[in-house]
Structures are given as structure tokens and as C-alpha cells.
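Heads up, the next two complexes both have chain A, just with different partners, chain B and then chain C.
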Partner chain A sequence: MRDKTNGRYMKYGLFLIVMFMLFVFPVLKPPLFFLSLLFTAYMYVALAESWNLMGGYTGYISLGHIAFFSTGAYTTAVFMNRFGVSPFATALLGGFFAAVLAALVGYPVLRLKGAYFTISSLLLAVVMQLIFMNWDFVGSSVGLWYKLLPVSIEINRMIFYEVMLFLATAITLIVRWVEKSKFGAGLIAIREDEDVAKTMGINSPWLKMKAFILGAFFAGVIGGVYGYYIAYVHPEVTFNINTSLLILLMSFFGGCRTWVGPLFGAIVLSLVNQLIVTFIGAEISRILYGMLLVVVIIFMPDGVIHYIRGLFVHRKIRHGDSIL
Partner chain B sequence: MTLSYIIESIISGILLGGIYAILSVGFGLTWGTMKVLNISHSVFAVLGAFVSYWLFVKLKVDPILSLPLIVIILFSSGAIIYKLVIRPVQRAKDVIMASMVATFGVAIVVENVMSYFWRPDPRILKPAYASSSIFLGEISISQGPLIGFIMAICAISLLYWFLNHTYIGKGVQATWQNPIGAALVGINQERVSLITFGLSIASAGAAGVAMALIYAFYPSVQSIWTLFVFLVTIVGGVGSVIGTGLAGLLIGSIIGICAAFLPFVWVNVLLFALLLVILLFKPEGLFGN
Partner chain C sequence: MLKVNKLYVEYDGVPALRDISLIVNEKEIVSVVGANGGGKTTLLRTISGLIKPTSGTIEFMGEEIHTLSPHEICMRRLIQVPEGRQLFPKMKVIDNLKMGAYLPEARKNLPQSLERVYKLFPIFKERTKQKAALLSGGEQQMLAISRALMSMPKLLMLDEPSEGLSPLFTDNVFETLKILKEQGMTILLVSQEVERSLELSDRAYVLENGQIIMEGKGGELLCNDKVREAYLGM
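Let's turn to the complex of A and B:
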């Protein structure tokens, strides 16, 4: 009993030390490249965790996450451009709009299952991209610019770094809490067998709706901050389908059944992805992650963590053990 | 906005619809028979278009003459993809979802290999006859879409004939209707699946050549083509060759009529919104059985 409590304190201690080190990292005045690298890694952690609420726990694979992300980005951009309100103040509003969109879309779309759900969510992103490309109020195909913070670039990147670190930590902790709660258990029951879950008295439409809205809210907030970070929103940039696929790959790579998987997958793959994009080329990076997606689906459907653990305990992992 | 203009738009829409039908028919076939949802279908259409384009530009081979070669090349690439990706994925519990995610990976790989080697610039296949038109009284029909349409009709008829009048085609249908029964009477499922998949990719390649006669193509256009494939397949009912053909013509006419009155981008918005509505209320398709 005492060992267990000690172990728990050790874990908390380790967590706090790591968080503190990440928190003070910008004070060491590292090259800006590292701050950008980590900022993007945190962003993908937050996105993958928020995606995993639906995609991982319930098995409803959405490719429309990017639509909610973009809703957030456009909200802050429009408020800054038209009314001059700081994006940090309106990022939550971006999340709110994304959640409203998720509720409106989710009501009909969440009745669909499997591939039909995935395609509808992809269509949502595509239709929104086409509309935003031709809607003058949001800058159509020209895009919208943000006014930069009146500080030096170092301070600017530092602020964004801390904000995204906070968001990633908060979202990961919330998702972890959801996973351990009754709500999370309901979501996992839906993944295992939705019809059985319903007969056991789980209100599956409402639970799916809650998870979908919560994930969309997070994506909206992240998008609001990200738009301000790159200081420019454009339909081709924010609604990029490759981002949706990258989030999906990160979750599957790490293992989408627990909160640890997306965290691990997002950190590893976003660092690798950015290094390849910076030093070799974007196309090579996409070719590699396309191949990785195939390999993950065929050989490690429960994620690389599960797979490696399986190698050590010499337990044969069956192909296609989970839904994938 | 004269009457002949409207008739012209409808005719060009129908020609386009025939091409969309051949682009989609193989996709519906693998989805219906093998339960493989192949997102990489239209990336192979783009590949077919590129091969045809290079043969035309470098060796001056006419796209119609090089068509058999393209069918053979794409059938082989389909067979390779089947062996490497689809066969292992078919062991998964939920084959449709697993194949969908895995073929998303294939689509990314092929798209980016193409854009790495051939640059992402838009290109168009322009043999001399594609830019001229035929006149029927006041109505003009451009030859590019007409040739593409004829190619598409030939390909769909061939595929229909293959499925209904050859031994292997009947085996494909039997496997689709009752996999265990088909296996019991000695149909080699793996071989049947390989041929089905290869044919589906080959039909995509032929469709890609037809598309390239009308539209500019570039590696990333495949995602838009994929959505059209979905639109036609879902409207026509998954796995029905005739249904897909009819759906292609229907959607083509809708595009033709709308394009006469609306800017082109809004036509796409309208079509994808239509697909969303059909998915929600009639996911088994309008012509499904």
C-alpha cells in the first residue's frame, strides 16, 4: 500500500519536474527554431488528444477535425481584423463557435457509422474550405492577416510557446481524466459494441455528441492560437487535409486506446515530420508518413507502444486485433 | 442565355458524367465485393493521366493508342498494391475501416511521389482533335469530352461484360454474393480479389486519361476526384455497375445544368452538400438494390 502511494508521488514529482523544465526552457534563450519546433509539437499533442476523444475512444474516425481547428483560427482572425480584439481573448470564443458547429453537424452526422461517418466529416472540411475560399467577409482566397504583438520576435515566440504548452498540458490532463471517468468508460463501450452498449443503458448518441463537441471545442481554441502564431489564415493553410491525416496517424502510431498514445505519437512524429520538412523536403516527409500509416494499420493496429510491449512479454499480437 | 446554350451545357454535363461513371465504377466494385474502401483509387487515375501525358509529350503517342498500355501498367500496379497492402489489411476485424485508413496512406505516398518527380504544376492532355468541336445546327460539342465519354462507355461495357459473361467475372460475383459458398465450389478467393482490384485500378487509369482530356490535372487533384468518386458511388449504390453508370449521368446533367447558371465553385459546394444529404438520409444510394 505504502509502495503504491510512493510510486504515485514519484509520478507526480516527475511530472512536475518535466513540466517545470519545459516551462523555463525559453528563459535559456534557445535558438528560435527550437521554440517553433516545440510549439508545433505541443500543438499536435493537443490536437491528437482532442481528436482521440472521438477517434480513439469511440472509434468514430473523423477527418473533419481540421474544420473545427479552422473555425477557431478564423474566429480570432475576423475579430482581430474587424474589431481589433486580441486573439488571446477570443480563442475561447473560437472554441465556442467550433463547439456550436460540432453540435449542429454532429446531430445528423453522428448517426452514421464507420466509413460513412468518416467521409461525411471529410466532406464537412472540404465544403467549408470551398465556402471560405469564396466568402469575402473572411478574406476569400486572399486570406486574413493578424497584427503582430508589439514585442520583439523572441518575446513573441516565448509567449506562444508558453500558451501552447499550457493548452497541451490542460487538454491532455482533461482527456486523461475523461478516460478514467464514467463518461470515458461509456465511450469505450461504444467502441467495443455500440448496440450492446445501448442495451446496457448507455445513452450513446448523447455521449458521442458530448465527446464530439468537447473535441471540437479544444480544436477551436488551438486553432485560434495557431492562427495568431502564423499571423495569417488562408483556407489552403488551415483546412489542409494532410493535417487531419497527420493527427490520425499520430494517434494510431502511439496507440489510440489510451491518452498516452496520442501524446507519444504526436511528440515523436511531429518532431520527425518537422525535421524532415525543414532539412529534406515536405514531399519526402509525406511519402514517409503515408508509408508509416500503412505499416501501422497492418502490423501494429494498437499502436507502437502496445507493439513493443508485446515484443518484450513474448505475447503474440494478432493482426487486426482492434477495430483496425 | 439561349436554349442552345442550355442544351450545350446539359450535353457537356452528360459527357462529363460518363467519365465520372468510369472513374467510380471500379471503386464501387472493390467496396461492394471485397469490402475494400480504396481511397487511393483516384490517385491511380491521376497516375494514368500522367503516364498518358508523358507518352504523348515525349514519344508523341496518341492517348487513345496508349490506352491499352496504361491499362496494363495500372493493372500491374493494382496487383502490387493488392499484395502489399490490401491482402494484409483484409485480415482486420473491420476491413472497410482498416482498408480506408491504409489506402489513405497509399494515396499520400503515390501523390507525393508524383509531385516529387513531376512537380505539382497543372497539366492538360491536348491532342489536336481534343480542341476542335462538332456542330449540330447551333449546338457545338467539343471533341475532348466526347472522346472521353466514348472511352468511358466502352470501358463500362467491357467491365459489365467481364462480370456477367466470363468465368472469372462470375467468380467475382459469386464471391460477392456468398464468400463461403464460392470458396466451397472451388473459387480461389485470393486470385479473384487480385483480379477485381487490378481491374478496378485499371479502370481508374482509363478514367484518368479521359479526365485529362477535359480538366487540368496535378497530383493533389486526386482528393477532389475522390470526392466525386464518392458522390457517384453513393448515389448509384455501392457495387452496382449499372447504378454507377446511371448516377454518373445524373450527376453529370446536374453539373451541366448548374454550371450554366452558377459559378463553377458553387457547383462543387452544391454537389458535396448533396452528397452529405444523401449520406444522411439514403446511404444505400438512389439506384441501390
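Let's turn to the complex of A and C:
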């Protein structure tokens, strides 16, 4: 018993130390490249975790996450352009609009299952892109620019680094909390068997809706900050369907049954991708990236994290310990 | 307690249940027997709210429930054990049980309910952390029943609880139902195990091609020539 509590303190301690180190990292004045690299990694962690609420726990694979992300980005861009409000102030509003969109779309679309749901969610992203492409108020096919922060590029990157680190940490902790809550238990029951879940008193339409909206809200906030980071929004760039796919792959890579999976998947894949591109070459990177995914999906269908845990459990059994 | 009145259910225009009426009184075991494809599972799924009837009414404790959604019906503590022991296979035994106590009322009672289940099936106390998929078929059925008990049912509905089980476990299942009955549980049982079900039941209905063709006391039906010929091969 004492071991267990000690173990928990160790974990918390380790967590705090790592977080502290990440927060003070920019003070060491690392090359800008590292700050952008980590910014991207944190953003994918946050996106993959927010996607996982729906895609991982309930098993409703959505390809529309980019639509919520872009809703957030466009919200902050429009508010800055038309009213001169700072995106850091309107990012939450972006999340709110994304959540509203999720509620409107989710009401009909969450009745669909499996591939039908996935395709509908993909269509959401495609249709939104077309609408924004032709909507003058949001800049149509020209896009919108943000006014840059009146600081040096180093300070600028540093600010975004800290903001995104905060978002990724907060979202991951919330998703982790959801996973361990009764809400999460209900979501997981829906994934395991929706009909059985219903017969046990789980209000599945409402639970799915809540997860969908919460995930969209997070994506909206992240998008709002990201738009400001790259300093412009454009339908082709912001609504890039590949981002939706990338988020999904990261979650699957790490394992979408737990909150650890998307965290791991997003960090590893975004770092591997960026580092190989930078130091070896883009062509090689594509090949390695693809091979990595193929290997994981064939040999570790439940994700890397699940596989590693499995090894751990088997070793325990071999040594004669009971796992029970 | 449960009153089904002229229930008519169709799948894409093809009738599956035609004017079914049946009653379950408190502390009674009622079974619905009949061959495959007769509509037994459809009947239970309709009562649980998973399928909406075309016409007819379902009343539970004096309240019409056929317009409610499944979780609302569940909240009224009318609980179904689904066919084919649909557990959450990747979850641990204890988590499966806890999922049964998902609703607030049942959750408050979790420790007592767990104790009750452990008393009925001591094996689960030893295997709380095992994955449900690793239990034997019979144990899985017991777990499915236990999970339903965790919801503190007023009326327990079972769909083919002995399907695919060895004779030994079939005995166990029916033994368990008998114990539950002695504890005062009301049960609606759907089964192809005609003889066993009729023996156990206070009353029974014979369902064929979506219609109730016979009803009566369990023992009476057991002696009925037509039933014996059609279902017991005697």
C-alpha cells in the first residue's frame, strides 16, 4: 500500500519536473527551429487528445476535426481583422463557435454509424472549405492576415510555445480526467457495444453529443491560436484534410483506447517526421513515415502503448507473479 | 407489472410481431418459448426500447413506456440481459459489473449490489481484474446476469440465457434463475429450452411466426400435446 502511494508521488513529482523543464525551455534561448518543432508537436498532442474523446473512446471516427479547428482559426482572424481584438482573447470564442457547429452538425450526423459517420464528417470539412472559399466576409480565396505581435521573432515564438504547451497540458489532463470518470466509462461502453450500453441506462445520443462538442471546442481553441501563429488563414491551408488524417493516424499509432496513446503518437510522429525531413530528406521521411505506420497497424493494431503494456504484463506472468 | 397490449412490430414493412399481448405480474417468472425466428428477441428488444413498435402499447408499473428511449426505460429498472451474453469483452470483470450500476440510483447501492453478486457467484470475487473475454462461456453468461442485477432490476428480462452453453452450465443458469425467483425477482424469460423454461415458469406464452398461439401455466403447457409434439419431440 505504501509502495503504491510512493509510486503515485513519484509520478506526480516526475510530471511536475518534466512540465517545469518544458516551460522554462525557451529561456535557454534554443534555436527557433526547436521552438517551432515543439509548438507543432504540442499542437498535435492537443488535437489528437481532443479527437480521441470521440474517435478513441466512442469509436466514432471523425474526419471533420479540421472543420472545428478551422472554425476557431477563422474566428480569431475575423475578429482581429474587423474589430482588432487579440486572438488570445478570442480563441475561447473560436472554441465556442466550433462547439456550436459541432452541436448543429452532430444532431443529425451522430445518428449514423461506422463508415457513414466517417464520410459525413469528412463532407463537413469539404463543404466548409468550399463555403469559406467563396465567402467574401472571411476573405474568400485570398484569406485573411493577422497583425503580428509587436515583438521580436524570438519573443513571438516563445509566447506561442508557452501558450500551446499550456493548451496541450490542459486538454490532455481534461481528457485523462474524462477517461477515468463516469462520463468516460459511458463513452467506452458505447464503443464496446452501443446497444448493450443503451440497455444499461446509458443515454448514448447525449453522451456522444457531449464528447463531440467538447472535442470540437478544444479543436476550435487550438485552431484560434494556430491561425495567429502562422499569421494568416486560407481555405486551402487551414482546411487541409490531411491534418484530419494525421490526427487520426497519431491517435491510432499511440493507441486510441487511453489518453496516453494520442500523447505518445502525436509526439513521436510529429518529431520523427520533422527531424527526418530536416536532417535526412523529405523523400526518405515519407517512406519511413509510411513504413512505420504500416508496421504499427499490422503488428500493433491497438497501438504502440497497448503493445508495450502487453509486453510488461507477459513478463510479469513469466516470472510467476499474478497479475490479478 | 408489465403489460404488453396488441404490440405490432415490423422490419421494413415485414411484420415480426403481430398483435402480441402479454402480462407479467409481480414476483412471477413468465417465459416466452418458441422456435427460431418466431420474434422472441424482437419482443424483448421492443420492450427495452431498442426497437419502436408500429402500433400497440407497453405499460410498466402503470406507465406507458413504448415511446421512451432505452436509457429512460432502464431508469425505470426494467433491465434486459441481451442475447449471446454481450459483455464488454475488453473490460475487466469488475468494470463490467460497475457498468451495470451506471445509473445514479444503482450507483449509490454499488457495494451492496456487488456483495449480492459475489454471494451468488463467488467466482467473480476472485477474478475481478480478469478480462471478461477470458471467462468461459458459462461464466460470461453469469457475468451478463450479474451485470443486469447491478442495475437493481424490478423486472429482469433474459434473452436465451442458455444459448450455446454446456448442459452443466445450462443447469447452472436455470438454478440461478430459481434462486433469484426465491429472492422475489420478477423475470421475463425468452428461451428455446422449452422444457426447462416451462418447468421453471409460473406462466408461459408460445410464440410462433410473430403471434402468440398458446398461453397458460407452465406445467399445463408442458403437458399440452401440441407443445410436446412441436417442441419436445414426444
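Everything that follows uses one rule, which is that the second predicted complex is superposed on the first by the 284 of 324 C-alpha atoms of A that agree within 3 Å, B and C clash if a C-alpha of one lies under 4 Å from a C-alpha of the other, contacts with A are read in each partner's own complex, and residues count from 1 in each chain.
Assume a residue touches a chain if its C-beta (ideal position, glycine included) is under 8 Å from a C-beta of that chain, and two chains touch if they have at least 3 such contacts.
Since the model is a prediction, treat every value here as computed from it, not as a measurement.
Participant: Should A:202 be classified as contacting the first partner (chain B), the second (chain C), both, or neither?
Facilitator: Second partner only, chain C.
Participant: Residues of chain A touched: more by chain B or chain C?
Facilitator: B
Participant: Which partner chains sit in contact with A:192 here, chain B, chain C, both or neither? Use first/second/both/neither.
Facilitator: second
Participant: Once the shared chain is lined up, is A:112 touching chain B (first), chain C (second), both, or neither of them?
Facilitator: A:112 sits against chain B, while chain C stays out of touch.
Participant: So, A:66: does it touch chain B (first), chain C (second), both, or neither?
Facilitator: A:66 sits against neither chain B nor chain C.
Participant: A:54 in the overlay: touching chain B, chain C, both, or neither? Say first, second, both or neither.
Facilitator: Neither: A:54 stays clear of chain B and chain C.
Participant: Output the chain A positions appearing in both contact lists, the one against chain B and the one against chain C.
Facilitator: The answer is residues 323-324 of chain A.
Participant: Give the list of chain A residues in touch with chain C in this complex.
Facilitator: It is residues 182, 185-186, 188-189, 192-193, 195-205, 323-324 of chain A that touch chain C.
Participant: Which stretch or stretches of chain A touch chain B in the complex?
Facilitator: Spelled out, the residues of chain A in touch with chain B are 61, 108-109, 111-112, 114-116, 118-120, 122-124, 126-127, 130-131, 133-134, 241-242, 245, 248, 252, 281, 283-284, 286-287, 289-294, 297-298, 301, 319-324.
Participant: State the interface residues of chain C toward chain A in the complex, per the touch definition above.
Facilitator: Against chain A, the touching part of chain C is residues 48-50, 69-71, 74-75, 79-80, 82, 86-91, 95, 98-100, 102-103, 106-107, 126-130, 147, 151.
Participant: Going by the contact rule set out above, which residues of chain B touch chain A in the complex?
Facilitator: On the chain B side, the touching residues are 37, 85, 88-89, 91-94, 96-98, 100-102, 104-109, 111-113, 115-116, 223, 227, 230, 263, 265-266, 268-269, 272-273, 275-276, 279-280, 283.
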